[in-house]
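This report concerns only the one structure given below.
So that you can tell them apart, the chains are marked A, B and C in the order they are listed, and the count of residues begins at 1 in each.
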Amino acid sequence: MSKLYQGGLLNFFNQDQLEQVHQKTLDILREVGVKVENKEALNLFDEKGADVDFNEKLVKLPNALVEDAIDLAPSTVVLYGREEEHNLELGGKNVYLGTGGTAVNVLDLETGEKRKTTTKDVADIAKVVQKLDNIDFFVIPVFPDDAGKEKADEARFFSSLKNTTKHIMGGVYTAEGQKKVIDAAVGIAGSEQELKEKPFISFIASIMSPLTMEKDYTDYFMYAVRRGVPVVGGTAPIAGATSPISLPGTIAQTNAEALFMVVFSQLIEPGAKTLYGTVPTNMDMRTSNFRFGSIEMGMMNAACAELAQYYQIPIYNTAGVSDSKAIDIQSGYEKMANILMSGLTGTNYIHHAAGLIDSGMTAAYEQYVIDDQMIGMVKRVLRGLEFSEERIAYDDIKEVGPGGNFLTAGSTMKYMRTEFFDDQLYDDRDWDDWLKDGAPDARERAKDIVREILDQEDENLVDQELLTN
Amino acid sequence: MTIKPGARARDYKPFSEQDLKQIDDAIMNLLSDTGVKVSNQQALEIFDEHGAEVDYETQMVKLPQSMVEEAIDSTPSNVKLYGREEKNNLEIGENRVHYGTGGTVLDVLDLETGEKRRINIQDVADIAKLVDALENIHFLVIPVYPNECDDQNVDVNRFYSALKNTTKHIMGGVYSIKGIREVIKMASKIAGSKEALVNQPFISFITCVMSPLILDDIYTDFLIEIAQHGLPVAIPAEPLSGATGPITVAGNVTLMAAESLAGVVLAQLVNPGTPVLFASTASAMDLNTGLYITGEVEMGLMHAGVAQVAQYYGLPLYATAGMSDAKLPDIQSGYESAMTTLLAGLSGANYIHDAAGLLEMCQTVAYEKYVIDNEIIGMAMRAIKGIEVTEETIAADVIDRVGPSGNFLVEEHTRKHMRSEFFQPKVSDRQPREGWEADGAKPTRQRAIEMAKEILNSHQPLGIEKKIDDEIRNEFPHILLDK
Amino acid sequence: MSKMEKVVEEVIAGNVDGVTELTQELVDEGTKPSQIIKEGLVAGMDVVGGRFKKNEMFVPEVLISAKAMHGGMDIVKPLLTEGESSSAGTVIMATVEGDLHDIGKNLVAMMLEGAGFEVVDLGVDVTADEFVEAVKEHQPDIVGLSALLTTTMPAMEETLKSLEEAGIRDQVKVMVGGAPVSEGFANEIGADGYAADGSTATDIAREFVS
């Protein structure tokens, strides 16, 4: 099992407010409803007691249907890695952070220029992530331009499987591709049943805001549930554009949309493994540009964890994307602020937390290394002060006394390697030494680490034959 | 939207109630059992007179718990630090959060060349002017030491250059008794009288306690002097984990609290009820290199813990966060500054200094870093203010009206809340890539440099009334700032 | 303040009722419709455009002003004589095949309408053939293609090819936009313009028809 960190150290809502958001959410699902552009899904909702208008394709959910699904959905979902150390126990206040995105560009490691992402980038990023200890899982982050839509699913999942044993999650682009991916995973697992029991892959199939389920995504979602592979019905409303401008309004709508997908999963298969998927975002009202790194986006995503804990359903959210085009100080503060808040509230599966700049449109190799460090720092915060009599170190303070030093104190010897986070990028040179070394900034130091990883032999973590059937 | 200073913090609390009681016990034991070394004759006598156990030979003072508790009781829980304009007044205490500058820095990254060079007196003035214009920096702790000055004339020079360029509250460390008296005299002239200054203090001071557990001769003189004047003073201790403090974060917090409390007790014995800030600049030593560090994540944890200790005792807190060890305003300085700024703020630390402008383990300032930190603080304040939940903000009726597949762009609700609900960044880039490229593909640092230059060119601080200014310049001819 | 100036003010304030009432009054008083458009409704939107560029007005305010302007337009448009036009030009907008995200396209459409363009919105998931049909039917000056998903970018190229095959590519200017789209991509597929956001789209559209 991956090392456990827990949040629950920060709250944006009190109990009354959670209750209020919940009641309004029930109102939205019962009175406003969701448009479902998929015949099969409409039939299913109808059959199970939802109020369905087939002409308008509108589905309204009675409170009981929602509440039953909340009870039925598992409170803990374990997403497996192909090595035990990478297993993730999602639920409660457990916190894991990993990659995410569908970036189409990457900053070339050598030239620093923006170029289109390819299948090789999927493989290389997976290889880098495999070696970065603080990143817990791999949500396939880029679209392989060379593969095209038809071949994208294989290119993305297979390249990932070859290069990382961490849990792999991704969106899919075609029904055929999704089937191929699951079939290959069954082969790797040994049987359909073994994959169901220990799913090391999972899917994302989103709902559109406001309140609309599109036909193909609905198909992908149903197919995943039916084959026993965990799936997230994520929602990403844009405050002020596809959801209300006010943070609680966007959260209420996000909650309605995410819960709708939870209900859907439980109607397809009671007890289906699903996550509550919330990615509230916003638009810059001055320019209409989409934002992925605003502080309010961080607050909303972090606050959704409180709702997930209220419902006792594991949560998938977003934090750690920057709107900056460059790997600069802005990408530093935007990412840190947002992953820190989501970590503190106790979000189970924080994706997008590594590698992305340019509002998620561009990935950068060195950014994965830098973000791995930031994630490590957030986990250090979650470890907290680890309070104990021994850590107060009263006896050492007493023994050292006024004017002494602690360099060789017992507590120093015992804790010096573990009490402080070991930051790989931390620049502890003084100015002169740093200048002598060519004045490298954090980005340059991170690039060196990437090169070191990519220079290593490919490990081929899965038998090629299993991927070619 | 700018969040007003003093927003009340959310409840990030790394210690439990039980933990705090245990820490309290350890602090009281340290003060009454281990004791503090007091290398100052006058202070030894004051402690002696009030019933502490004093050994004049070893200069060891043991403070009975009742003495510490009385001092905590007589310290005002809320301290009003004034600006020279009402909008800049701050109320320090409880869980209200404010951010400002800090440091005692000798070097600056030149705004034109980008090269590191010595700080001069004009830099003090320019930084004050910049801070005056930056809306999220709530106060000025004079962050630099000008190269032209020495310890005998630096105090009046630093405070004068600051007073001339900002009406925000000004706090500063001091270097001589003569300097303290000159600064108070100068500020009294501006206030109208000494009494007016004490009633509405727009300047305040910083002294310090040495780690571990030493009230040294000179700073203790300063502390006694300031307390006698009844002006606000912050009394920080700076134990470095692993070197002058225990390696463990909890231990370092405990030691720091005991040290600052020793100073608080002395100030209250000198002048009961005088406004003091319980204060921490605790950090760590990098045990690989032996260097003092400031950007580590544990620094944020320590100050979140310290905030809880301050709230436990009901003492107003001067805390530290937002520094970076990077040499440049690069991505490292971004994440380090954001991390500790947010942790200290979310825990409700009151007067968070060092939160703007600093690089390189508190050894260099950069104008552009002030501009960037102004933005980081603005974002942190937004997070601290939190999410306001009402029927109106939940907006279920708006969602109902828009319905599936609609949009919210032209809703009156959107127009009404769009300016107040979202922080409006100034330096952060939010353009599509093409627009950014068309503007020269400038990294954030470059945009901030341009903003800093623009502010320094155009901003007109209120300054000091001509007649009073002339009087000050006459009385203190050793003020070096160009007229 | 003259009534005409008041129209300008009410457009800026985004007051639909105010604009409608004042426009009706001006019409009743015998003011020429083309003058109301030029000196009142469009003049108001020009101020709005300027303030938007300076970041003083936000996108929703621009859209609400546009709504107010259209309140007036609906009154004067039927009164225009032959040869007079209230429209800056006609634009066909759609999100290309396989893409169901439409907020970006809707926003650009609203901004274009605000700038006085007639917009025909074909919706989402629109095939190349549907585009060809629509161009034949509406005879637009401009065709705007939007995509949010990476995977749907090839559909833009398809659409351009189909327009060419149908022999109507030269009749229209084609602009493309959407998060994954770039200037380089626009050039690659032979589009006439690329807009990164709504206000750029408006600027480009104005250039195309001028």
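Keep this in mind: a residue touches a chain if its C-beta (ideal position, glycine included) is under 8 Å from a C-beta of that chain, and two chains touch if they have at least 3 such contacts.
All values derive from a computational prediction rather than experimental measurement.
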| item | value |
| --- | --- |
| Touch-based graph of the chains, sorted into line, ring, star, complete or other | complete |
| Chain whose averaged C-alpha position falls nearest the assembly-wide average | A |
| Chain pair, most C-beta pairs within the contact cut-off | A-B |
| Where subunit A and subunit B are represented by their mean Cα positions, the distance between them in whole Å | 35 |
| Inter-chain centre distance, subunit B versus subunit C - centres from mean C-alpha coordinates, in Å | 51 |
| Multi-chain contact sites of subunit B, meaning residues that touch two or more partners | 407, 409, 411, 414, 418-419, 431-433 |
| Two or more partner chains touched - positions in subunit A | 208, 240-242, 285-287, 289, 361 |
| Of all residues in subunit C, the ones touching two or more other chains | 58-60, 103, 107, 197 |
| Parts of subunit C lying in touch with subunit B, wherever the complex brings them together | 14, 58-61, 63-64, 67, 103, 106-107, 110, 182-183, 194, 196-197, 200 |
| Residue numbers on subunit B that touch subunit A, as the complex places them | 10-16, 19, 22-23, 26, 29-30, 33-37, 60, 116, 210, 212-214, 241-251, 253-255, 284, 286-289, 291, 293, 295-298, 300-301, 305, 325-339, 342-343, 346, 360-361, 363-364, 372, 375-376, 379-380, 382-383, 386-390, 392-396, 398-400, 402-409, 411, 413-414, 416-419, 421-425, 427-433, 436-437, 441, 443-445 |
| Contact set on subunit C toward subunit A in their complex | 55, 58-60, 98, 100-101, 103-104, 107, 111, 149-151, 154, 179-180, 197-199 |
| Interface residues, subunit B side, partner subunit C - complex | 407, 409-412, 414-415, 418-419, 431-435 |
| Residue numbers on subunit A that touch subunit B, as the complex places them | 9-13, 17, 20-21, 24, 27-28, 31-35, 58, 114, 208, 210-212, 239-249, 251-253, 256, 282, 284-287, 289, 291, 293-296, 298-300, 303, 323-337, 340-341, 344, 358, 361-362, 370, 374, 377-378, 380-381, 384-394, 396-398, 400-407, 409, 411-412, 414-416, 419-421, 423, 425-428, 430-431, 434, 439, 441-443 |
